[in-house]
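By letter and in written order, the chains are A, B, C, D, E and F; residue numbering begins at 1 in each of them.
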Amino acid sequence: MLRLVLPKGSLERATFELFAAADLTVQRSSDVDYSASIDDPRVEDVRILRPQEIPRYIEEGLFDIGITGRDWIEETTADVVSLGALHYSKSTTSPVRIVLAVGVDSPVSTVGDLPAGCRVATEYPRLTERFLAERGVEAEVRFSYGATEAKVPDIADAVVEITETGRALRAAGLRIIDTVLVSNTELIANRSSFADPQRARAMAQLHVLLEGTLEARGKVLVKLNVSAANLDAVIEVLPSMKSPTVSKLFGDDAYAVETVVPKSDINVLIPALKERGATDIIELALSKIVH
Amino acid sequence: MLRLVLPKGSLERATFELFAAADLTVQRSSDVDYSASIDDPRVEDVRILRPQEIPRYIEEGLFDIGITGRDWIEETTADVVSLGALHYSKSTTSPVRIVLAVGVDSPVSTVGDLPAGCRVATEYPRLTERFLAERGVEAEVRFSYGATEAKVPDIADAVVEITETGRALRAAGLRIIDTVLVSNTELIANRSSFADPQRARAMAQLHVLLEGTLEARGKVLVKLNVSAANLDAVIEVLPSMKSPTVSKLFGDDAYAVETVVPKSDINVLIPALKERGATDIIELALSKIVH
Amino acid sequence: MLRLVLPKGSLERATFELFAAADLTVQRSSDVDYSASIDDPRVEDVRILRPQEIPRYIEEGLFDIGITGRDWIEETTADVVSLGALHYSKSTTSPVRIVLAVGVDSPVSTVGDLPAGCRVATEYPRLTERFLAERGVEAEVRFSYGATEAKVPDIADAVVEITETGRALRAAGLRIIDTVLVSNTELIANRSSFADPQRARAMAQLHVLLEGTLEARGKVLVKLNVSAANLDAVIEVLPSMKSPTVSKLFGDDAYAVETVVPKSDINVLIPALKERGATDIIELALSKIVH
Amino acid sequence: MLRLVLPKGSLERATFELFAAADLTVQRSSDVDYSASIDDPRVEDVRILRPQEIPRYIEEGLFDIGITGRDWIEETTADVVSLGALHYSKSTTSPVRIVLAVGVDSPVSTVGDLPAGCRVATEYPRLTERFLAERGVEAEVRFSYGATEAKVPDIADAVVEITETGRALRAAGLRIIDTVLVSNTELIANRSSFADPQRARAMAQLHVLLEGTLEARGKVLVKLNVSAANLDAVIEVLPSMKSPTVSKLFGDDAYAVETVVPKSDINVLIPALKERGATDIIELALSKIVH
Amino acid sequence: MLRLVLPKGSLERATFELFAAADLTVQRSSDVDYSASIDDPRVEDVRILRPQEIPRYIEEGLFDIGITGRDWIEETTADVVSLGALHYSKSTTSPVRIVLAVGVDSPVSTVGDLPAGCRVATEYPRLTERFLAERGVEAEVRFSYGATEAKVPDIADAVVEITETGRALRAAGLRIIDTVLVSNTELIANRSSFADPQRARAMAQLHVLLEGTLEARGKVLVKLNVSAANLDAVIEVLPSMKSPTVSKLFGDDAYAVETVVPKSDINVLIPALKERGATDIIELALSKIVH
Amino acid sequence: MLRLVLPKGSLERATFELFAAADLTVQRSSDVDYSASIDDPRVEDVRILRPQEIPRYIEEGLFDIGITGRDWIEETTADVVSLGALHYSKSTTSPVRIVLAVGVDSPVSTVGDLPAGCRVATEYPRLTERFLAERGVEAEVRFSYGATEAKVPDIADAVVEITETGRALRAAGLRIIDTVLVSNTELIANRSSFADPQRARAMAQLHVLLEGTLEARGKVLVKLNVSAANLDAVIEVLPSMKSPTVSKLFGDDAYAVETVVPKSDINVLIPALKERGATDIIELALSKIVH
């Protein structure tokens, strides 16, 4: 019932893996196919298109719901409803940044230092023009078809370019001097589709499944046994996000405890649990979490 | 104690993955080796041979048990015991189909339209001859060494060919007009080996492990907490395949519920559970299920 | 706070996978980078270097803790603290062996048969010299830069060489006549770093996480339901490594049982459980186990 | 002395192979480097940039000479000097075509049938607008970031798209209804650089080397011996592009003849030569031809 | 005008490379396409089919001319005209052999030792039956779908199998005891097509081009200069296949000599030429040779 | 009759390509085989071993002749006869350099600045010790098993390391301060084998073939026609390495000229020839040149 559009290119693989993990496997005949389907009553049709074009198509109602980056929503100024960020990008769970960069040897150190008439190459000409105009800089902004970072200093004086870690920019001899936008992957919807209660409910349900899958990637289920005497000491050290599930063990004066904890805490937590008397600690991977 | 034979070729990789997941890892020195072993007291010897030849070898007692397709059992008319279908094929969990197809522009629309003497190319000559004879068609059935779908219309007037999705046949300009056989992967046994109680028991045990692994692929374990007040509403919406495991939580008037549900239901079930008051819903992957 | 060194080369991929599974993901900019980092308060710095050189660097205090093989500890006779074996190697969980081998047609059948002055090629000259000297053999031990197994009989009369399965040696026409060393991967520490209580505690915690991850690879969590009448029969058949976790099911005269069992037992255990009345048996993969 | 710019992307590999074959090997540190060099006194500097941007950079004098497609010269309307076509493209020696295409089921059969307001997706918006305006069609031309052929019929009513063989368009369910441009790869120069006699001479020399290499790809050197009696008959059948080189053989009343012939003629020519008495016919590959 | 059929499978790549080198490039849309074309007035249509089936299709007139192995002509006993062997196979220029092999430990040492009723597995059942019958051996010949060499000793007592070097058979633990057939790649024609003078002439022309290309692979063109005094000594040592082409050099009392020699002789010939006073010896690769 | 040893590792592929081009194709059953053969009466046996070990094996008479780098001859100080350099390395025709390098930020700028006791990591310990001792530097030279360039500054203060272009060293943050050795690939022989006239003659012949092949890689054959009037002007501009071969053309007052010229001159020469009246200029690749 929902027409869905997914991003081709750098986000494509990560998006397909997320949908598969959310039991919403996207089926298409080949990797170069632009049409696909999801075997789910809420999804009528799936297209895979360039993320640059997705905000406009959602705005125009060609699709009800789609995934693209915040960068392209800002660049296109398309009027869409954002259902919220989905915390994944090409290879990490962090957002990407759109930055302003100059050559390492350039005397320019802040955006205000850019001289009038300087050439700025970018794949985001409108975003860049707004950013510079708001800061009073009169630059010649030029659309770049790619390889933007290689254009300084011969072909451009500065660039506005996407980066995950800054490494590619540094390798190209560039220095970041400002952040134009911090951009997450987002789930966006067409305004009138979203105003329809039935479709809005379906959208919210898809959102729960995708969010639940993303959240599960950063968490694990920890199970342990503990004697009655040590129960409080163990409970105390567990992360407070939610009360742990405690069951009395049959025939022993002991308890089984299970709880969900962030992966980032686990390598500190497990030694602590052990020190407080927890035994038989096991850790299991999660497929989905829904609060 | 059992001599086992596994299929080389299109089913090979999926079969090896299934055995590994069932903790019956097949060990061989290289990918082109025809001999292998499984570190299990019930398996004496493992060979990897063409699926076409497996039914005959099982019938003759060269092996006790083996895996092949129903298509080759029918083609060879070998006298073997079937322990049942294993629901996996090269890339899906669906059976394959052996179909009769003609050129898209052919005037033939049912098997009965095939003119006497028409040339039918196939890798299944005996199956095809039986199928056509039963329908009163006198055709010239010719053994095809491969590329069967490319033989219409120059070299053959029709083909009997295997297909998973029909896509390759359509791409070759063919139209399916009938289904000769729906063929699952099967676990088959030699008649006299199966008559031996000790070997039959070992076969049944292997079958349980393989079946349990296949079943786990399509299911997940769902765990959730729910207050006493909402327990019935939550239980009600759970799939009825089996009663869920309910334990009282220590110190709260609440319950922990866990149950196994099909993956295909999960993206509808989770939103429903949440709406009925379930909290802390988590989903875990399963390695095996045995009823 | 700990400076860590990991082995480049044949153990590299397996080591990185182990650390990632232990939630100690090693981050480096490229596969050929020798510097890396781990986002954990206990790890200050990570280097990836040849396993041959690691014992010496640990001894000299260039690093606090590291991973290498027992073979290189013996070859270098470096004075380091061993925190214990980590049971993984390039592709299996078994240790490797350093063996003495001669040509299949050689009259030599034990180390004592080696004639004085015979040429022994090896990447382990010191280990080999000690081994031969202890057995009273006077040989000319020569350092081999590689392809050691190809040197018999033209260039050497015997070799001392690493092997996992013996297959490469057999393929090169060699026959193993003695084992010089059975070598596990080990976690080793600098003596004075280990004498510092704070660093020793951090080392022990890392050890727990790595060990817990390795142990989880060979085990699974089994969950089942059983009626009160069959409870004892089911408990009896479970491996005795640890008492199983038993909880009473709500509303039924039945119990939920869960326990951790070795993968190597599972294909015998599951049929046995079923025969004793267990129902709803499921098996789940584990990420970590800590006793 | 010349600053040269070469096209990144689909023409990149073919361009680098052409330059290497012309003994003007382009050296760069890695495949993703945008800077390179050629060890030749006439080439001062080499950059590799998107073909879309090259005409403008040549016009502005950032480079003296460059290679791009006629399509991008027309799209950018950059004012540059064309030194002539170089007959190679991504994989053939034929030009590419920029075509107007609609869905196979569309009622539109000529450009004039396009209704006012119809949506035309293209990577060549200016070229498309000029083409349609000249034919009196008022369409909404939209810039496409890629996957243009997949946009019909949902997102666009027609496309203007590049094609070598038309196969990708047909596979996407499109029908070509008009040719907007036949586009060759071209060698272009900056106007004022070209006005400088010394640089113009260097450009002409590079042009000769590239042209000579391309021409040699389609020709072979044929050598044969023939008696005096058959000389005229053999000469007569040789292609008339140039008089063959004839030398008298020492001591015989016979001649050695050699000539350059197109590859496309050779499989007809050789049998004809043999029938007319030529002997010892051999064929050699050529590296370069300069008339 | 000729309908041509080429072999799919092990000969496919070598055949396509031969045709391309002969300026008869086979064009097809993809590597898995069974239809192709050659841009030559003598070739009307090209199909790529299994070599096993080609003799029969040529006999039946579905094609005028084709390439397959002598083994399949013998196996099928198809009535076709052979235009002669083309000396190339999968990876060498030597013919393949169809051999009879038994296990290394088998007591059988000649074909006559095979006991009555012994099982012989082969992809060539008819060829094998004829071979054995002529030698008075009564065996049970069984069609093998592949992996034939792995069937001894469990599934077969002997095999009749194709081999280029014998290496794969030795690696499988087999010992060759007889040669059933030495098989070259052959160019074959339909009887009635060959009886048509115009088609026969076109076939002969294609044969010349393919043969000329194959011959050129094993030969090189040697050019050298030599003084009048040394001319005879140099001529004397040149291979006698054809008189060399000798031209007097302008202005010197010296001669230029050129001749075609086998590659296999060149590494002995060049030192000899040098010793006899030849100077400026150069060697060039050849594309085709026609006598 | 000669026992030949070739280098495994970085020179392996280039060496095999050189021998194949010299019509001395090295045949081995697989890429990991250490034994091989060459079908040539002068070569009795071929082994492929580490270049580090080759000088010693040649000295000891295990082989008559071999290929390795000058670096390993110097490192091992083996007493061998050098037949001369072969100008090829892993990927270029230039020699490699063994250099002394320090960190970019190190205060050390010449070898004499190295402080006493400084740690120098290298795969060439003896060469390094001699080099430093001759310059009065007392350093701690340590054998490095690899990744040498990554050891500065933590593990070593300086390195002595091989480099082709210096790029890898720069990328690792190192600065070259001295050259220890310029090292070519060399053809070396055992002293007593070389003293045997028959074997020395065979060695010289192999040397001619390898040298002739290497020389041909950098040269091309140029052929042109020229009128009598322009002959002198054309001859004049040809490189003077050797008189060109000039033949009078039959029936015209014109000449055919052919000569061999370095590839590095060709892109300047061809335009010059054309300007002086040469016509029908063609360029052909050479397989071998012997003076």
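Criterion: a contact is a pair of C-beta atoms (placed from the backbone, for glycine too) under 8 Å apart; a residue touches a chain by one contact, two chains touch by 3 or more.
All values derive from a computational prediction rather than experimental measurement.
Chemist: Count how many hops through touching chains it takes, at the least, to reach chain E starting from chain C.
Modeler: The least step count works out to 2.
Chemist: For the copies chain A and chain D, give the interface type as same if over half of its residue numbers appear on both sides, and as different if under half do.
Modeler: Same: when the shared numbers are divided by all numbers used, the fraction is over half.
Chemist: Go ahead and align chain C to its copy chain F using Cα positions, then give the rotation in degrees, nearest 5.
Modeler: Rotating chain C by 180 degrees superposes it on chain F.
Chemist: Among D-E, C-F or A-D, which chain pair copies the contacts of A-C, with over half of them the same by residue number?
Modeler: D-E
Chemist: Could you pull out the chain whose C-alpha mean position is farthest off from that of chain F?
Modeler: Of all chains, B has its centre farthest from that of chain F.
Chemist: Compute the centre of every chain as the mean of its C-alpha atoms, then state which one is farthest from the centre of chain E.
Modeler: Computed centres place A farthest from chain E.
Chemist: As a quick test, compute the distance in whole Å between the mean CA positions of chain A and chain B.
Modeler: Averaging C-alpha atoms per chain gives centres 37 Å apart.
Chemist: Centre to centre, by mean C-alpha position, how many angstrom separate chain C and chain D?
Modeler: Chain centroid spacing, chain C to chain D, equals 59 Å.
Chemist: Could you put a whole-Å number on the gap between the CA centroids of chain B and chain D?
Modeler: Each chain reduced to its C-alpha mean, chain B and chain D end up 52 Å apart.
Chemist: Residues of chain F touching 2+ other chains?
Modeler: Residues 247-248, 284-285 of chain F each touch two or more of the other chains.
Chemist: For this assembly, give the contact graph shape among line, ring, star, complete and other.
Modeler: Chain contacts: none of line, ring, star or complete; other.
Chemist: Could you please write down every pair of chains that are in touch?
Modeler: Here the touching chain pairs work out to A-B, A-C, A-D, B-C, B-E, C-F, D-E, D-F, E-F.
Chemist: Please output the residues of chain F touching chain D within their complex, sorted ascending.
Modeler: Within the complex, chain F touches chain D at residues 167, 220, 225, 247-252, 256, 263-264, 266-268, 270-271, 273-274, 279-285.
Chemist: Enumerate the contact residues on chain A facing chain D in the complex.
Modeler: Per the touch definition, chain A meets chain D at residues 8, 34-35, 47, 49-50, 52-53, 57, 62, 144-147, 150, 154-155.
Chemist: Give the list of chain F residues in touch with chain E in this complex.
Modeler: Within the complex, chain F contacts chain E at residues 22-24, 29, 39-41, 204-205, 208-209, 212, 216, 221, 242-243, 245-248, 255, 260, 284-291.
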